[in-house]
Structures are given as C-alpha cells and as structure tokens.
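I have a structure here, written as structure tokens, and I will follow up with some questions on it.
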Amino acid sequence: MKIHEYQARDLFASYGIPVEKSILCRDVNDAVKAFQELDAPMVVVKAQVHTGGRGKAGGVKLATNEIDVRKHAANILGLDIKGFIVDRILVSRAVDIESEFYVSYVIDRKSKSTILMLSREGGVDIEDVAHTTPEKIHKIVIDPLIGVPDYLARQAAFKLFDDIKQVRAAASILQKLYKLFVETDASLAEINPLVLTPDKEVKAIDAKMTFDDNALYRHPKIAALFEPTEEEKKEQKAKSKGFSYVHLGGEIGCMVNGAGLAMATMDMIKLYGGNPSNFLDIGGSSNPTKVIEAMKLLLSDKDVKVVLINIFGGITRCDDVARGLLDAFEQIKTNIPIVIRLTGTNEKEGRELLKGTHFHVAETMGEAGRMAVELVK
Amino acid sequence: MKIHEYQARDLFASYGIPVEKSILCRDVNDAVKAFQELDAPMVVVKAQVHTGGRGKAGGVKLATNEIDVRKHAANILGLDIKGFIVDRILVSRAVDIESEFYVSYVIDRKSKSTILMLSREGGVDIEDVAHTTPEKIHKIVIDPLIGVPDYLARQAAFKLFDDIKQVRAAASILQKLYKLFVETDASLAEINPLVLTPDKEVKAIDAKMTFDDNALYRHPKIAALFEPTEEEKKEQKAKSKGFSYVHLGGEIGCMVNGAGLAMATMDMIKLYGGNPSNFLDIGGSSNPTKVIEAMKLLLSDKDVKVVLINIFGGITRCDDVARGLLDAFEQIKTNIPIVIRLTGTNEKEGRELLKGTHFHVAETMGEAGRMAVELVK
Amino acid sequence: MSILINKDTRLIVQGITGRDGGFHATKMKEYGTNVVGGTSPGKYGEKVSGIPVFNTVHDAVNATNANTSVIFVPAPFAKDAMMEAADAGIKLIICITEGVPTLDVVEAYRYIKLKGANLIGPNCPGLISPNQSMVGIMPTMIFKEGRTGVISRSGTLTYEVVYNLTENGMGQSTAVGVGGDPIVGLYYEELLELFENDPDTDSIALIGEIGGDAEERAAEFIKKHVTKPVAVFIAGQQAPPGKQMGHAGAIISSGSGTAAEKIAAFEAVGVPVANEPSEIPQLLKKQLLNR
Amino acid sequence: MSILINKDTRLIVQGITGRDGGFHATKMKEYGTNVVGGTSPGKYGEKVSGIPVFNTVHDAVNATNANTSVIFVPAPFAKDAMMEAADAGIKLIICITEGVPTLDVVEAYRYIKLKGANLIGPNCPGLISPNQSMVGIMPTMIFKEGRTGVISRSGTLTYEVVYNLTENGMGQSTAVGVGGDPIVGLYYEELLELFENDPDTDSIALIGEIGGDAEERAAEFIKKHVTKPVAVFIAGQQAPPGKQMGHAGAIISSGSGTAAEKIAAFEAVGVPVANEPSEIPQLLKKQLLNR
C-alpha cells in the first residue's frame, strides 16, 4: 500500500528523523498562507501523488515569493501525472544542499531479508545508478534477529560520510528509519535525497514509504491512509469477495482459478492474436455465488465481447464445477458467447454436463484460446 | 541490587502482571487505614525487608479485623529479621488459594543465558524442591535473540496448568515478566507463589526482583530504589574510591590487590589459625592516595590488631609499590603492626626499600600469614 | 524415489482442529501420508480422523517422533507456528497459510535456518511425492509416480503442467509448489540441486512467473550445476508493469522481472521455454531422447 | 606450542585511542604480539605507537586480515564492540572491559556463537602464550615459555600461581584468565579440552573461586576427558555466604558454590587441590613424575 510523501514525512518526524517543516495544502490560498507561515526565503511546492517522476512532470517547483507560490500551486493542482490528478500539494521550506545521498530499506527476495541500500549518488533515479554504476550502491543485509546495532549503523553511515559528526547523525537516522520500517511493516522506506546542508546538517528532503498489505490488519492507523483509485476500488471490491481482478482493456474476458493459470490464460489469448480484457482469479473454490459475482464484475466492462472460463478441477472436481457454472448462468442473462475449458479431476464427466448448453466447450487451453479469439471476430 | 516486595509489585503492575491491591504502611495507624481502604474480608500484613524467610520469622500474618491488623502491624514493625529491622509493612488483600506455583527468570551461568524456571510446587522454599525432587522444576533456556514468543510462553505455561484458559493467562504473565526482566536488566524476577484462585484466576501473590549492578547506570528509576545497610554504605563508599571492601569481623586486617588473591589471603590466615577482619581488594594500581584511603577504612574497625598487606606486582612493579607504601604510611600514624608481602616484578628491589622500616616484611604468602597470626597473640 | 518427503515422512499438522487443517489432514491421511499427529493448544487428547491432537509441537514430536510439519493456522499466528516447529526439532516445515506478513516470514525464516531446518511456503500448495506422501493441499488424483521433478511458483498452473505430464505418460518424482509471496523458503536453486542429486529424477519442469529475479538466478544455476534436462514455462507475458496479479509474487517492478527477460535468461543457457503449459512434456521428452 | 594465540595471531585493538587501549596496545606490541591495527570511529588514518587506526572493525579486517580482537571500550559500548568484531569475521574476541551489563554479555555471546567465533571475558586479564603473543593486560615479565597450561577465574591470583610456576622452573604453554563476571565466554571445559589436545601442554593448573558450579562441572569434565595432570586451587574458603567479594563471580548462592563443595568435587575425581597457591608446582611435578 502506498502513502503520500507528506504522510511519510509525518511518520519520519514521529520517529525523530529530521525533516524540514512543511504544510499540506489543498488549494492556492492555502499554499500562499503556508508560504507566509513558513517564513522561509525559499519554499518548494510539491505535488502529492501516488507515483514517481513528479519532477519531470512539472510537479515540483521552487518559489521565493507569493506570486510564484500562487502560480506554481495553481499549475500543479489539477495536473495529471501518469494518470493521477493532483489534488494536494506540499509547501515546504527549501534547504540549501551541499550534497545528496540515497538511503532505503527494502524487502529483498534473494537474501530473504530486509536490505539497507545506500549511495553517495542521491537525488537522481536510483535505478539508473544501479544500472550504470552498480558499485556506487552499497547493500547491507539486515539480520532480523539483530536489527541495526550501533556498529552497523556507523559502518553504513561511513559509506556516505567521512566526518564523524555527520556519520553519527546519519547512523542515528538509519537506526530510526529501520525502527519505523519494522514497526509499521513497511516494504519500502526510502529517503531520496538525504542531504548535507552547507552548515553540515543531515536531513531527509523526501520521504517515501510503502507497506505490506498482509500486515495492515495490525496497523489500523496506516491502513486508514489508504486512498484507492477507481481501478483499485474495483480490485478491492473483488478482493473482498474472495477473488482478484485487474482491468487490462482487451475484448476477451477471462475467469480462471489460480493466479498463475490466469496469467497463462491471458498469455495464450495473446499468443493466438486476441487481447485479454482482464485478469480474474476466482481462487480455490468455484461455488456458484462466487462465479455469479465474478461474472457480473467481468461483464460490467462494456468492451468484453467474449468470455473465456478456464478452470482446473483439483480438489473441487470438474463435474461439480460444471454444475456450479450451470447454476450460475441460470441467474446471469447474457448474450455474450462463453467459452469454457475444464481440465483435471473428472473432466469428462464435467464436459458431458455442459454438452447441449449454450456454452462453447473446449478440451485444451489451446483450443479454448483459439475459439475465444475466433468468436471476437 | 535488591528491592522490596512492594517495589517489585509496583513494577509487576506497571507491566500488566496481575497482583492484588496492597498499601505500604510505615506505622500501625497507616495499617488500620489501609485495612479500611482495602475493604477486604481478609488482609495479609507482610514485613518489607531485603531478606527471605519472613514467614518463619513471624513477618507475615493474616488478619480479618482491625484489632488483629493493629496487633500484627505493631508486632512486625521493629522486628529483627536476619539483622534487618522492619520499618515498613505491606497490607494486601488476602486471596483464596486453590494451588500455588513457582515462576522465575534468572541469569544462568551454565547456559550463559536467562533461564525460565517453573514448578507446580510453589509457595515453599524452591531450593528444597530442587534438592529433593529436581524433576519437579522445569528449566527453559531463553534465546536472547528470540525472547519468549507465544509458543514458548504457552509451552511453559502447560508445565503449570492443564486448562487452556489458565494456560493463556499464565503465558501472558510469563511474557510480561520476561519483558520486565530484560527491560530493567534484572538478575532475578521471581513469583513465588503464582496462585490459582478458586474462581480460576491466575495471580502473583509475591514479587521478588534483584538487578544487575553493572546496568543500573541505564535505569536511574531503579537505581533510586537502592537502600544500603550500614555495611553496604561502607562497601559503597569503598567502591566509589576504586576498591572493594567486605567486613568479616576477625582481628587481622587485609589489604590485597585482586579479588582472587584477596580471598586466597583470607583463606591462608585461617589456614594458620587466625581470623581475617575483612576482604579488601585495592584493584589494579597501588597509588599512595588509594592506599591511604584503604588503610583508613581498614583501621576504622577497632577489632583489627594486625594488618597484612599482600601485593602482587604485575604491571606496577614491586619497587614502585614499596615507594607508594612508604609515602602512604608517612601520613598514617598507627601503632598496629603491619606485615607486608610483595611478590612479582622487581620484588627484591621492593623488599630492599622496606628494610629497616617498622614494617614486618615477608617473602612468601605463607610466611606473611604465619607472621600476622603470630603478631595477634 | 523423491526429494524432501517420502514413506519415511512423519507428519504433524499444526492447526489440525481448524476447518482447513482438519479437512486437509484427513485428505493427506487418505492419500497415505504418514500423519502421526496434530496440534491445537488445549485440545490434547482429542482426535481428528483418528489422528491424535497435542497441545504443543514439542509434545507432538516427543510422542510421535515427527520430522515434518504442515501449518494451517491463520496468518497472524503463522510466524509463531513456524518458529514453534523449528524449535521442536522439525526439519521440514511447510506453511500453507496465505496472507502472512512479510516481516513475520523474514524473522521465522531466519530462525528456521538457525535451527538447521527447511521451510516451504508460506502461501504455497505444498508438495507431493506420488504414491508416497503428500503434504499440503495438492489434488492428489492428477499425480502419478514417475521420474520428472516439478518446481513451481504457482498453484493451479502447476496442476495444469502436472496434468499434461501425467497425460503424456510422464510421472513425477516430487512436485513442489514454492509459494507466491515475496519471501518464501526453499526456492529454485535449492530444489534444482535436490533434483539434480536425486537418482530417481530424470528431468525437471520449472514453472515461473513474472516478478523478482529468481528465474534469472535459476537459469544461471542450471548452467553451472544442472546436467538433467529442464523445461520451463513463464506465466505473465501479458501482465502490465506494476500491476499486482493475484498474489504478491506476480508484480513487475520497473525495469526488471518481466516474462521476456526471464525467457531470454533461460534461452541464453539452452533451457527450452514452452509457449503453453501443454508443451512441457514434449520439450522434456525431446531432451531425454537426445541424451 | 600453545592454544588460542600464537605467532600467527593478527590482533586488532578496539578502542585503541582510549587511555587503556592505547597503553596496553603499546605494551602488547612491545612484547612481540602482532598488533596489526586498532579501531576508533572517525580516527581513520591516525596511528598509536605505529599501529594504524581504522573507523570500523570491518575496515580493519579488510585492510589487515586480522583474526583476533581485544576490546578496551567503556562498558556501555562493550556489547556493540563484541558484536562488531564477530560480524567482521574475527574468530577470537577478548573483552577486557569490566562492568559490562550481564544481559549485554548474554546477547553478544549468543551472536558471537552464531558467527562461529569465540569469546574470552569480559572483565578478564586476557591470555598469553609466552614468547609468542600476549593479548590483554597480563604482566608479561612473570611468564616463561613452557609446557603448563593455566586457566583462571582470577587476575592477581593467576599471577601468583604463574609466578610460583616460573620460579619452580615450570614455564607456561598458554595462560588464560577467563574473567570473573556471571557470564563470560570460554570457560574451564572448553579450555581443558584445548589443553588436553595441545601436544605442547603437559600439565594444567586450574584456579577456581567460590560461586556457581563451574568448578564442579570442570571436575566432572576432567574425569571424563582429561588425561594430563591437573592441579587446582580454590579461593574463598573464608568468604561468608551471600557476600560479594570484589567481583560478581565471587558470590556464594545459598546451598551451593562453596569452596568446600568445589574442593570435594575435585578430590572425588582424583585431582589434587592446593592449600596455598605455592603448592601448585609440586602437585603437578609429582603427577608428571608418576606418569
């Protein structure tokens, strides 16, 4: 789950990580008031959206006077950044910067632990640094039973700074950030850039955090920060009913049990020249109610011209699945052609039950894919 | 460092460990007021002293009415329990007890970790249980990197209880007690007895904690609970000057560098028929100021008839030590005979310097011991 | 005959008195898995389908000499269950539970390694050595004893591949679903090594997915250490970047983890990649014939 | 020639820019110990008696290939220093610092074992293999190269015993002061085993103290595993129960840990116990002659 920069800054501040004073604004007048209140020679006006690349999209601007603040705030509010419409901006004291650094904690699949990533090349796209000069990114695997003791924080901070005072300041930030990471079940906690000011202070200038969805149940305050997009609301609704749904935009609706099989089905549609309209995983069981809910969601997409149902009968047998589908489609009235492919336990019995209905029945995934693509034309 | 039961109870309560309501009293009228305030059918009046065996000494009494409360309070206040005069009593609700259990966390030298000890034989002297029926005491070594996770607390609680509700209650107490133990750097946290009441509640009826002196610097609130005895004050004063002192009561005063050598010196005095008056370890260095302070402390004991100084010259050489002693005894006027034994680096040079002084100079520990014992007669 | 589980497997089921635990314990026992016990605190003395229930894993191990455990407890308790199993001396821990917080898995995994044990899952279907032992929630009827090892990040997709293998006369030595979460236990490299060293495995089917770089590392590992024929299928060629597909495993992070990259990695080391799951059997047969 | 340290020891001094660290680093170097570096955060580039200073143990190990570390940092930082050494790959860690909180030692010790390293101390004088290497604060001039191993819980008492050994022509292979705190690293059993297996050690002097039951366990261990002559001295026969004597090691808990019990334990397994430290040499010589 993503949160906004200003929310992450609040979390940073509550863990004692030094961030500049900033004020969240929802309109131009608020921004001007914020500028007055901050009483700073220069401020930065930043779009608050759940995506990166704000700078390149014109979502981050410096201002030294009210006129500029007003102008930038007006321009940024309402801006479309990668499909996200800016409805909030953050007005923050601008800091003089001597040098910029990169710091993050992130879950690492390979080491099966949290890793701390550090670089003296901060402020830019860290992916670029990773590709062009990987030696400039330091990775330290954190032992979850030990965390970040003083010596490790110091050792890491020496990768960024040479002066012991700055090392101590950075080490303290690294320990606090890890504490925040662990105590909120984050999957990413990033400071980019961490800066050194001309008067040798170490500060976090940006704040980015994402959280583990599986752990939100034990962090109600963070869960409350969730702001779903329209698409995400649809996906959330699906999830609450026990299935996963992602809208894609093609014309062949898919309903599959299992995420891997669902992706393989989409791939197959493409292989045969069609376009999947969605990813829809109805999970383990295939009871009629779930099928009805899933089909309704699927058919609410007006682009869908054909539906492909691909079910692997495992613990639930194919004949039971077939009966479930027949029950379900008695309640769903649709003229859209339905291709059904059933494999697994008792598949012949299952297919037998579907014979003579309006379903197009396929034997293999390949056959089903070809039939669906053909029916679109 | 020891604390009183009522102080340990406060710590228990602050960690959510269930203890009965109780009130500390310093005089009889307080005790009567406490009885009224508790409004309980029965109370227990307990002496608060830094030693065990209160019950046997008459320091724990039950009362059901004001007259008895007054009587017991009057009897217990001022009682001498193993040399400790009772100046405080705790008046506590008395609980009906169905069964009694023993629980403690303690530092274990063998496993080099904290161990949890549990027994269904609570309320009695646990040392007796350990000697007669060791199989009734369960010991669980705690991994300091893991602590006491739910499963371990449950596993331990099943050693005491069979009913899952009581197991859950006890498991929660075990986790809280460990947290308290670790967060206060305790060396012992003991509940004896932990009881099951007739209405199936699990409660701590007594509370005992001792703390690691080395860690008191980071627990100022606990350090503030220190109440030294007169002897301890003497020892504390010595410690603040860089040496260790324990009063023993014999007639031969000892001043030695190193705890092991000091004990060996005491043993030797006994071996030759004398009685050491004290243990005094002046530690690594032997500078005159320290020697003067140590000698003053030693001579403040009027039973001392002879002083034995046993110094091993290691990094500090014997000739330097001899010079230091000569300097020191120029400032200390005493008629008490002083036996000095110097061994180690440059021992001959050292002994040479002491020749012709009023010191009795010995070559070996044995000789020094014999000389000191002889001089007492 | 197999890797990880076989006739000597002595299994306990953690959370056996729960709905899922009880159902699958029964299924596993029916299949012939040697289910020696189950755990559920406070339910000592009860039985589930004739399987004795214990209060703790420690008690269960003491009483039954179990060496393997499968976990069906709800997600908030999964970390504790994994650690309890490791602490009690269980050497192979299979966690079926889905939705376990990632940092819980990180911590439990560290502890399990510390205790010298192995973890499969969480959020996995388990594993099966056909006709010997099934631990998890696999649909046993589609499996057949044989000489192909199967490793998969996916559930039903595994079954699809296994179904095709079985239909084509290729039985399985062992099939393992490693689980779809960001952090799971045994993965491609460890399992490839086990299959490479298993005298009763002739060929290996590997089913990957978009997200992470585990497939790329597997390709590298195969190049260096695997001599037996391997065939691969990668799901998610059509997944748009940054979209989460059903489980956390299927997410493409910007600039890496795409199906195209993974397919290229395998092809670069001479491992054939199937266009459809149904192609796996012939890709393996072709290599077996050419040996 | 020795146990634990020898000519191959490559030592770093943690806290080398402190008063004690600097003083003893110089002393150790003067004795011939191969002191390859020291650490003090932020002091990289400085030198102490010609010894280069590094910011972290990690850096020091990378630059010098050190295998041993001695710690002189103040007590509140000792735990961190011990863990830093273990994490950097140091295999023998000697902590001289006194006053380290017990639970800090418990945690550091666990981590050191996890990393496959060994700890001596804290609150110990260190160890010496005469004419090869001295690590700690031992008065080197009283030691002489030879074939007697010395293990002791005490400081100056060790020197007393060593002095008597040297005076009686019995040099030392290695002398180790294990430290007087409730929890310390290597102890009687591990050291007895090392001396038993050291071809250049002929006999062993063991110096014990009241408190705990380590001496009793050592006696049991000697009975089972030690064939070389051992002589013992136990300090504290006159200590009253429950009194703390100078350091936490010397406390008698009620009902166990008395000198009498310890002496009885050794005598029961045929190990002679000296009445005075000066008797140790003859107790060993007698056994060596009777072999």
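Each chain carries a letter (A, B, C and D) given by its place in the written order, and its residues are counted from 1.
Definition applied: contacts are C-beta pairs under 8 Å (C-beta built on N, C-alpha and C of every residue); 3 or more make two chains touch, one makes a residue touch a chain.
Remember, it's a predicted structure, so these values are computed and weren't measured experimentally.
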Response to the item:
Touching both chain A and chain D we find B
Worksheet item: What chain groups remain joined by touching if chain B is not counted?
Response: one piece
Practice prompt. Could you pull out the chain whose C-alpha mean position is farthest off from that of chain C?
Written response: B
Worksheet item: Counting C-beta pairs in contact, does B-C beat B-D or the other way around?
Response: B-D
Worksheet item: Can you give the whole-Å distance between the Cα centres of chain A and chain B?
Response: 58
Worksheet item: How many angstrom between the C-alpha centroids of chain D and chain B?
Response: 27
Discussion item. Between chain C and chain D, what distance separates the C-alpha centroids? Give it in angstrom.
Written reply: 49
Worksheet item: On chain D, where are the residues touching two or more other chains?
Response: 111, 114
Discussion item. Multi-chain contacts only, two chains or more: what residues does chain B have there?
Written reply: 145-146
Discussion item. Taking the touch definition from the header, please name the shape of the chain graph: line, ring, star, complete or other.
Written reply: other
Worksheet item: Name the touching chain pairs, would you?
Response: A-B, A-C, A-D, B-C, B-D
Item to complete: Report the residues of chain B in contact with chain C in the complex, numbered from low to high.
Response: 146, 149-152, 154-155, 158, 163-164, 167
Item to complete: Report the residues of chain C in contact with chain B in the complex, numbered from low to high.
Response: 41-42, 55-59, 77, 80-81, 83-84, 87, 111
Response to the item:
Listed in rising order, the residues of chain A that touch chain B in the complex are 145-146
Item to complete: Going by the contact rule at the top, pick out the chain B residues touching chain D in the complex.
Response: 107, 109-110, 112-114, 127, 131, 143-145, 182, 185, 187, 212-215, 217-218, 244, 246, 248, 256-264, 266-271, 276, 279, 281, 312-315, 343-345, 364-366
Worksheet, complete the sentence: Per the touch rule, the chain C residues reaching chain A in their complex are 27, 75-76, 99-107, 109-111, 114, 137-139, 141-142, 152-160, 163, 180, 182-183, 207, 209-210, 212-214, 217, 233, 235-240, 243-250, 254-255, 259, 275-278
